[in-house]
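In what comes next, chain A is part of two complexes: it sits with chain B in the first one and with chain C in the second one.
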Partner chain A sequence: MLDMVLTTGVAHLTIGNLVMWLIAFFFIYLAITKNYEPLLLVPIGFGILMVNLPLTYLMEEGEGLLWRFYHYGLEWEIIPPLIFLGLGAMTDFGPMIANPKTLILGAGAQFGVYVAFFGALILGFKIPEACSIGIIGGADGPTTIYTTVHLAPHLLGATAVAAYSYMSLVPIIQPPIMRLLTTEKERKIKMRQLRPVSKREKILFPLVTVLVICLIVPASAPLMAMFMLGNLFKECGVVKRLSDAASNELMNIVTILLGVSVGATMSAERFLKWEVIFVFIMGLVAFAFSTAAGIVLAKFMNLFTKEKINPLIGSAGVSAVPMAARVSQVMGSKADPKNFLLMHAMGPNVAGVIGTVVAAGVFLALAG
Partner chain B sequence: MTEVTAPMAGKIMDVKVEVGDTVNEDDELLILEAMKMEMPIVATASGKVKEIKCKKGDAVGADDVLVVIE
Partner chain C sequence: MIDWGFAVKILFFGLSAVFSSLALLIGAIYAFGKILKHIEEKSN
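The block that comes next holds the complex of A and B.
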């Protein structure tokens, strides 16, 4: 009888498992009731639940189902680049091409990445770990996962969840910083309607970008190449089927595998550590500094440019497409209901994705 | 005569006024959706709605005239 009981998972449950169940239920609750990043939090939450079931061996090396997802999907670097393929097929770079100054804002908003990197070093994390923590400030989930799998796989669950949590909390985290750093007058700055961007420009953009960035930062190539290939699918107009597949079916499939694999890394023994709390704190620091840097940089640019930029679009440089751009729109229209910043903010927003990939490439080259 | 134009391309989700209505500056005229975000389009001047050039469900381009106020 005792032997039979011992073959069940119940006899092997630990307090840690139960705590992780609570975390899993909390994520699923947030996804379903609050609509916080549901596409990721539902599979991540379920993955956490699965990996904290004793004796299922789902993450057993070489055998477990979730281990196979994790190993072949993430460790083999398949899933994040495929996510970027889909993102490329869904991204309109038109606002950035129409106003290339916004590229600077997207780059500037990576400041928080480096602040958190040095902060993590001071807290005692090793360089590869600090790189993985810093990249959370880019507010880009797939890039965070890609970097962490390379540099600090034991922190994957924490960095991925921190990145996605802060992305979903963009409408809560950013507004106080935006209000603090801008005046009412600045928030009312109206920006001129963006010029129309030709089809030729939109086709040339991914081709030129992939060449320039991959030559300068070769380590960013897997993400950048797929990102730009997806965008070329979208813009060239002759492979609608591929564009649709990349942005719909394929994107959905890899999102499931990504979420479950990330959740599966969050076993009690790996996740319930003090360092995870520091990861979350430094991730928030990174995010806040990135938001602030984008705004301050926009204000700085206004000192030299005739046509003023509304500093509220600077915060959209943290990527988190399109949530951060929406926050810029909301803040701008609160100051003046006739102010429409959404499309202007999309410029730094998509530039921020490129900026984060480049920052990740630099980290991988230095610490990989 | 004041023309209220679309600030960006999008879809008209709701038209909140009718021809002949009197509106004040900043009153909501329409709801425009872009990037899965609904934004109110407000009157740029006070006056009477002379013409509504779009209807619910229409796709509009940037700078398209939506409402004329006199």
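The block that comes next holds the complex of A and C.
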């Protein structure tokens, strides 16, 4: 009888497993009831649940189903570049091409990455770990995962969940910082309507970008090349089937595999550690500093430019597309209901994705 | 023991790469915008 009981998972449950179940249920609850990043939190939550079921050996090296997803999907660098292919096929770079100055805001918002990098070093993390924690400040989930898998795979669950959690909390985290760093008058600045961008410009953009970025930071090529390939699919207009597949079916499939694989890394023995709390704290610091740096840089640019930039669009330099741009729009329209900042904020928003990929490329090249 | 010199090097190279690549991209966007405009004007 006892032998029979011992073959069940019940006899092998630990307190850690139960705590992780609660975390899994919490993620699934947040996704379903609060709509926080549901496309990722549902599979991540379920992945956590699965990997914390005793005796299922789902993450057993060489055998487990989840291990195969994780190993061939993430360790073999398949999933994050495919996510970027889909993102490229869904991204409109028009607002950024119409006002290229806003690219600088996407660069400025990477300051938070380095603040968190040094913060993590001070807390005692090693350099590769600090790189993985810092990149959370870019607010780009796939880039965070890609960097962490290379540099600190044992932190993957913590950094991925921190990145996606903070991305979903953009409407809560950013507004107080935006109010603190801008005056009412600045929030009311109206920006001139963007010029129309021709189809030729949109087709040339991914080709030029992949050449420029990959020549300067070759380590960013897997993500950047796929990002721009997806965008070329979208803009060239002759491969609609590929563009649709990349932005719909393929994106959905890899999102499921990504979520489950990330959740699968969060077993009790790997996740319930003090260092995970530090990862979350530093991730928040990174996010806050990235937001602040984008706003301050926009104000600084206003000292030299004829046409003023509304500093609220600076905060959209953290990637979190399109949530951060929407927050800029909401804050701007609160100050003046006739103020429409959404398209202006999309420029730094998509520039932030490029900036984060470059920052990640440098981390991988130097610390990898 | 953390190699702070290496950490500062990462910061320096990282920020330089981010700003220089995006600045080059800005230049490239302005440049190909002008070239395309010129071509379109000619063809018209």
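Some points to look at:
Following the convention adopted for this analysis, the second predicted complex is superposed on the first by the 368 of 368 C-alpha atoms of A that agree within 3 Å, B and C clash if a C-alpha of one lies under 4 Å from a C-alpha of the other, contacts with A are read in each partner's own complex, and residues count from 1 in each chain.
One rule holds in what follows: a residue touches a chain if its C-beta (ideal position, glycine included) is under 8 Å from a C-beta of that chain, and two chains touch if they have at least 3 such contacts.
What you are looking at is a predicted structure, and each value in this text was computed from that prediction instead of being measured.
By the touch criterion stated above, A:103 is placed in contact with chain C alone, chain B being left untouched.
When both complexes are overlaid on chain A, the residue A:193 reaches chain B alone and has no touch with chain C. Judged by the touch definition given at the top, the superposed model places A:343 against chain B, while chain C stays out of reach. Of the two partner chains, chain B is the only one touched by A:333; chain C is not.
By the touch criterion defined above, A:322 reaches chain B but does not reach chain C.
With both complexes placed on chain A, chain A has more residues touched by C than by the other of chain B and chain C.
In the superposition on chain A, contact is made by A:359 with chain C only, not with chain B. Once both structures are placed on chain A, no chain A residue is touched by chain B and, in the other complex, by chain C. Interface residues of chain C facing chain A in the complex, by the touch rule stated above, are 2-4, 6-7, 9-11, 13-15, 17-26, 28-30, 32-33, 36, 40. On the chain A side of its complex with chain B, the touching residues are 193-194, 196, 322, 325-326, 329, 333, 337-338, 340, 342-343, 346.
By the touch rule above, chain A contacts chain C in their complex via residues 97, 100-101, 103-104, 106-107, 110-111, 113-114, 117-118, 121, 126-127, 130-131, 198, 200-201, 204-205, 208-209, 212-213, 216-217, 351, 354-355, 358-359, 361-363, 366-367.
Contacts from chain B toward chain A in the complex involve residues 7-8, 26, 34-37, 39-40, 42, 44, 62-63.
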